[in-house]
Amino acid sequence: MSLLLKLSCPDRVGLLASIAGCIAKYGGNLLEVHQFTDSQAKWFFTRMTIETIQVNLPELRAEFEVMARGFDAEWTIRASDSRMKVILMVSKLGHCLADLLWRWRSGELAFDIPCVISNHEDFRSIVEREGIEFHHVPVEPGNKAAAFDEVARLVRRSAPDLVVLARYMQVVPAELCAEFRGRIMNIHHSFLPSFVGANPYQRAYERGVKLIGATCHYATEELDAGPIVDQEVIRVEHFHTPEDLVRIGRDCERLALARSVRWHLDDRVLIHGNKSIVFRD
Amino acid sequence: MSLLLKLSCPDRVGLLASIAGCIAKYGGNLLEVHQFTDSQAKWFFTRMTIETIQVNLPELRAEFEVMARGFDAEWTIRASDSRMKVILMVSKLGHCLADLLWRWRSGELAFDIPCVISNHEDFRSIVEREGIEFHHVPVEPGNKAAAFDEVARLVRRSAPDLVVLARYMQVVPAELCAEFRGRIMNIHHSFLPSFVGANPYQRAYERGVKLIGATCHYATEELDAGPIVDQEVIRVEHFHTPEDLVRIGRDCERLALARSVRWHLDDRVLIHGNKSIVFRD
Amino acid sequence: MSLLLKLSCPDRVGLLASIAGCIAKYGGNLLEVHQFTDSQAKWFFTRMTIETIQVNLPELRAEFEVMARGFDAEWTIRASDSRMKVILMVSKLGHCLADLLWRWRSGELAFDIPCVISNHEDFRSIVEREGIEFHHVPVEPGNKAAAFDEVARLVRRSAPDLVVLARYMQVVPAELCAEFRGRIMNIHHSFLPSFVGANPYQRAYERGVKLIGATCHYATEELDAGPIVDQEVIRVEHFHTPEDLVRIGRDCERLALARSVRWHLDDRVLIHGNKSIVFRD
Amino acid sequence: MSLLLKLSCPDRVGLLASIAGCIAKYGGNLLEVHQFTDSQAKWFFTRMTIETIQVNLPELRAEFEVMARGFDAEWTIRASDSRMKVILMVSKLGHCLADLLWRWRSGELAFDIPCVISNHEDFRSIVEREGIEFHHVPVEPGNKAAAFDEVARLVRRSAPDLVVLARYMQVVPAELCAEFRGRIMNIHHSFLPSFVGANPYQRAYERGVKLIGATCHYATEELDAGPIVDQEVIRVEHFHTPEDLVRIGRDCERLALARSVRWHLDDRVLIHGNKSIVFRD
């Protein structure tokens, strides 16, 4: 059996020794340890993969609880084979949805999908043929508040570990971002902070950039300004039309999103302020 | 002998046939042909490397002159072994200067250096030991106009084909940018249009980006907004400090600048409006 | 209407002028011209996109025929919206198949699929639900010759413009490679010429490389030695297991294959000896 | 003050707890911890940066000594500002030498250079003007043994922490590789294991690869087969001549070598069998 621990707290001497000592006391073997100390913020971050033969998890957790309270730490510990619940949201561009579904179906990414939510009907059959619930919640200029009440209801009902905006193309209300802080992940089709907002590929074309990109970040109250998890770029040239950029960029979006989802599922991302600490694999 | 032709003009049927026909008539063999038609702007761009045994260049040029006038074309034709004159400008960060000097001295890049201009004395010995003229033109808050008059005088005196702002760190006055339009190249230490202006690495750090970059562009009246020639990026992580970003970014800057200079020297860059057509090698 | 011309022949003076002249005579406008002269081999290669309003294609073709014969040229000309026929072959790893099917279904890549051939039944439903014929041709140690006779029969029946070995995992007989020379494309899961043959990821792991890759090439009589169309790499680290390399490599394989197929469909690949000239888009 | 610890040993439960505990006992704060457990080899690797106010280093070292003996560990601990001694060896291609000298002179890389050894006189002035000893040891077909005796003498005399073969172009004798195992670093101008041995760029050209690269590895008895520290690649196209590949490849070589040297200087590389564990920064 294998456990995943992630923890962050104000820095002080002896943190790693205390944590590793507690784990060793329960016979846990540390397969993978990541640690980062932010010297400016004086903050400590760690993630550990712990191999255990016959650990008494509740007992370990109880002792850990006491120790972590002393550190003023935020932390989670869970079995590495427990599956996160991930809701996917999409509009009319299906490449990220299709990519995640393929990685899910093939077992490359292990998670459960309570449902897919879309403001359009386009992907109902693609989703339902995989045996996944599909909810159509139209979002029109006049009904935004009601629509997002319904979205919020559907999301809350599943208590997901992650909501992926897989090219959802609607601005999610600030309250929802706040309620699910650190659990809503968006793929933006530009190399942020370039081209925040709408039509980034068209604007990249007009500016004549020589590289385009995609950015996966957690959604916050401010549009396209949340903690960045991953970015991907690809070279383009003068002969690429805005339509070419859209096509070429799709591969950036898919890759940046798939990696980011993977790291979230693996408890590899810790958020601090407006930044992500990502212990990449 | 080998000639370089570069030409741009409004698009119409038969342009390439006319140009290639004129060259063939004079016994020129086309070693390398690049052509791009901007369908939106309806503009035609070409660059050709022409191998000639015993071409009568003045005669070819005269006939070309007539034809090009009919096309309303901007064009140049020159011997590929004629050496451009390139002035280098630098402040207190010498990595781009050192890189260009190495490529120049080793013959990787073939050009002449009328002089190096700096607002500091730091690199005088490094420059002079290569047998290159070094001019110190201090730029202080109180003397900017006078300083740039002197810079302009030094530049005009050499009639350079290119002025490289190799981390010059001073905003070049708009009139000078206009006078040498398409001949002043700047390396900006961010992935434009992200982080226009000062301290891009610090701002990249604060935003928590996962890739940093450098952009080489022609200087225009508007800061960091001129036609982009090349961009380069490199992956960074949460543990990189602002100082790390400065260090890592230096390699991006060097590479993007060296390639851009190479393409300018090879007549591979054509400017149209605020964009560069770059026939990469 | 738009035409695609691709042509290669021994180099001589005036080729481009003759070709462009012939096209201009019929009112064709050259939207995109690529030309490459191999100075060592003294060989000329070109690809052109020709915009035509009301070209008389049979007449153009007839005149072109005469001219090209004089050049001793290999060439094709076709409407850019004519769709190639592409047969996909796969074994038990479906990521490349799924990726190509997605790009096909979404219209990103425009081609027709006469059938999918596999030595296993695994992907029958995935293929048939797209309305595509699926043929199961088992290949066992004892029946290889018979199996490939059946494969050859299925392939010949469709007269495809391309056969994609999308992780087919069987060595295609030399006669078949010869018969469909330049029309069988394989994706090999290493950065060739490293790790020719079986188990490249395991061998990459054992060698401790820091980058893994994938190579798309035309199949020839010699295993993994045909003309390379594209390669893709990605960074790996000491902590990646052989299973991680397999997972990470899948994205390289998908990307290199999708680009290569795209370029073949667009007549952007010209083969000369054991190399590919690729006029990338 | 800051210490660097690197340690490897057979894996067992409680290693990290013991090590971190010992450091905490002496008031050391762990700024950066890297740990890797090779599950196949059952081997444990770690590197730590330890911040100490007034640590009693001899006392810490003595206690560590006892603990490490119990683990059967290989380990080093040293002040992070102690400077390694690095000998540079070069033949007639100076780009890697010039690059390392620039990084050394500017302080980007902190190390001491006891001397530069070359089998040619070409770079004497470049080296001596930096105030560095230069030794010319000609290597001719008839005098190889004597030449390398002299090289060995010069190297031993300085007891270097690293010898960099910065395009030295001579095969270093097996005994010398064995004597300085893990301390001789070579930059090979191909993407290993492709193109082991001589003329890799020419062979890459002939094979028609679409990416070329460079590999930095420790020299061992077997040519180009030692533990790989870093690799770098860059895209090339059909129009690149062998001379172009040489030029383009230089930037790959410089980057892969500079990073590898940096990591060695920072105690970020641990060798195990024929592989390198690299805790990248």
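For this structure, a couple of remarks:
Order of writing sets the chain letters: A, B, C and D. Residues in each chain are counted from 1.
Keep in mind that, in the parts below, contacts are C-beta pairs under 8 Å (C-beta built on N, C-alpha and C of every residue); 3 or more make two chains touch, one makes a residue touch a chain.
Because the structure is a prediction, the values reported are computed rather than measured.
When the C-beta pairs in contact are tallied for B-C and for A-C, the bigger tally goes to B-C. The chain with its Cα centroid farthest from the Cα centroid of subunit D is C.
Between subunit A and subunit C the centroid-to-centroid distance comes to 36 Å (mean Cα coordinates, whole Å). Our note on geometry: subunit A versus subunit B, Cα centroid distance of 41 Å, whole angstroms. Shown for subunit C are the residues in touch with two or more other chains, namely 32, 36, 39, 239. By the touch rule above, subunit B contacts subunit D in their complex via residues 32, 94-95, 98, 102, 106, 108, 129, 239, 244, 247, 250-251, 255, 258, 281.
For subunit D in complex with subunit C, the residues that touch the partner chain are 36, 39-40, 191-195, 207-211, 213, 227-231, 233, 237-239, 241, 274-278, 280.
The touching residues of subunit B, when paired with subunit C in their complex, are 11-18, 20-21, 23-24, 27-37, 39.
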